[in-house]
Amino acid sequence: MQTVNVRSSKRVELIDITAQVKEIVRSLGVEKGHLLIYVPHTTAAVTVNEGADPSVAQDIIQALEHLAPHGAPFYQHLEGNSDAHIKASLLGASECIPLKDGAPVLGTWQSIFFAEFDGPRQRRVYLSLSG
Amino acid sequence: MQTVNVRSSKRVELIDITAQVKEIVRSLGVEKGHLLIYVPHTTAAVTVNEGADPSVAQDIIQALEHLAPHGAPFYQHLEGNSDAHIKASLLGASECIPLKDGAPVLGTWQSIFFAEFDGPRQRRVYLSLSG
Amino acid sequence: MQTVNVRSSKRVELIDITAQVKEIVRSLGVEKGHLLIYVPHTTAAVTVNEGADPSVAQDIIQALEHLAPHGAPFYQHLEGNSDAHIKASLLGASECIPLKDGAPVLGTWQSIFFAEFDGPRQRRVYLSLSG
């Protein structure tokens, strides 16, 4: 198991970690199997989406803010970050990508994003290969 | 493949199954690989989130009720549980967690929840290890 | 790694690919492990839900349209398909299902759906087995 360290700089942001993930997978020299990307936090998540135009990530963040507004009146959790927990469950803590020829088979426009919902913080993403 | 049996007692609830999952993984004696948690139902799901403060699970449930209200007027499905199907797809039927030293590498605050959206019912969760 | 080719005929639709997936898994002759279903697109996704009554898929589509409306005024991405990117992240690019006796252990009512959010297009779904 390998760890990608991520430093977020905003409360909510999508951080493209594709280059780090690809470099780690390459260094492991595993030709095929499943790449598991796992976020061990409860106010952050992982998602795969377009990385070429940064406005896509912005629109995803805005949409999630509409779906789970920061400070909605019905939240009972007293830490004030219920929206972050909800957003984390909507995107999910894990994503799996097939490996082929030693690299994740991302589509042309796909990037891997660490989704920060309660930053800025120092965060970790676990990578694990099986197969 | 192992099965966790879950008995839900409400229409909608998040049930913490972390202890059962950890015990099964421990009993299997597998040191590393991927733990797949799979829900074979269409009105239930699995999610990983905070288990320490139960108000987090309550806020997630409330938020999902806002996103897919029970009995919204546009639903066409005649069984009256369309909201449960929608909530199930939003959280997802599967989650993968890396294993290390024979245990899932959950973060400090992470618990594994069976998400019931159309209970009360007798339910199953499948666990499978690979690697 | 195997590929399922999918031809969508609408802008938004859920396409049941269960039969193709089962046939490919059967042809590979792998008894157990994890079936990874991966969508290499940024405006499409994979979800597991009820396939028996097509109104469930319709209700999921309608609910997602409420959550991320086509053409919402706050979108910054200029291609006009931000809703499709958002819906894709909500459902996710990957789903894993355990294999048993050479077949995915789908529940009684579960089908595997390719979720098209920006069609009609020619699309691909990757299948990969590990374990």
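Each chain gets a letter, A, B and C, in the order it is written, and its residues are counted from 1.
To be clear about the criterion, a contact is a pair of C-beta atoms (placed from the backbone, for glycine too) under 8 Å apart; a residue touches a chain by one contact, two chains touch by 3 or more.
It should be emphasised that the depicted structure is a prediction, and the values quoted were computed from it without experimental measurement.
Remark: rotation between subunit B and subunit C after Cα superposition is 120° (nearest 5).
Residues touching across the subunit A and subunit C pair largely diverge in numbering: under half of the numbers involved belong to both copies. Between subunit A and subunit C, the centres computed from C-alpha atoms are 19 Å apart.
Multi-chain contact residues of subunit B (touching two or more other chains) are listed as 34, 67, 90, 92, 96, 130-131.
Interface residues of subunit A, counted against subunit B in their complex, comprise 1, 34, 36, 38-42, 67-68, 72, 74-79, 82, 85-86, 88-90, 92-94, 96, 126, 128, 130-131.
Those residues of subunit B that touch subunit A in the complex are listed here as 32-34, 47-50, 53, 55-56, 58-60, 62-63, 66-67, 90-92, 95-98, 100, 105-110, 130-131.
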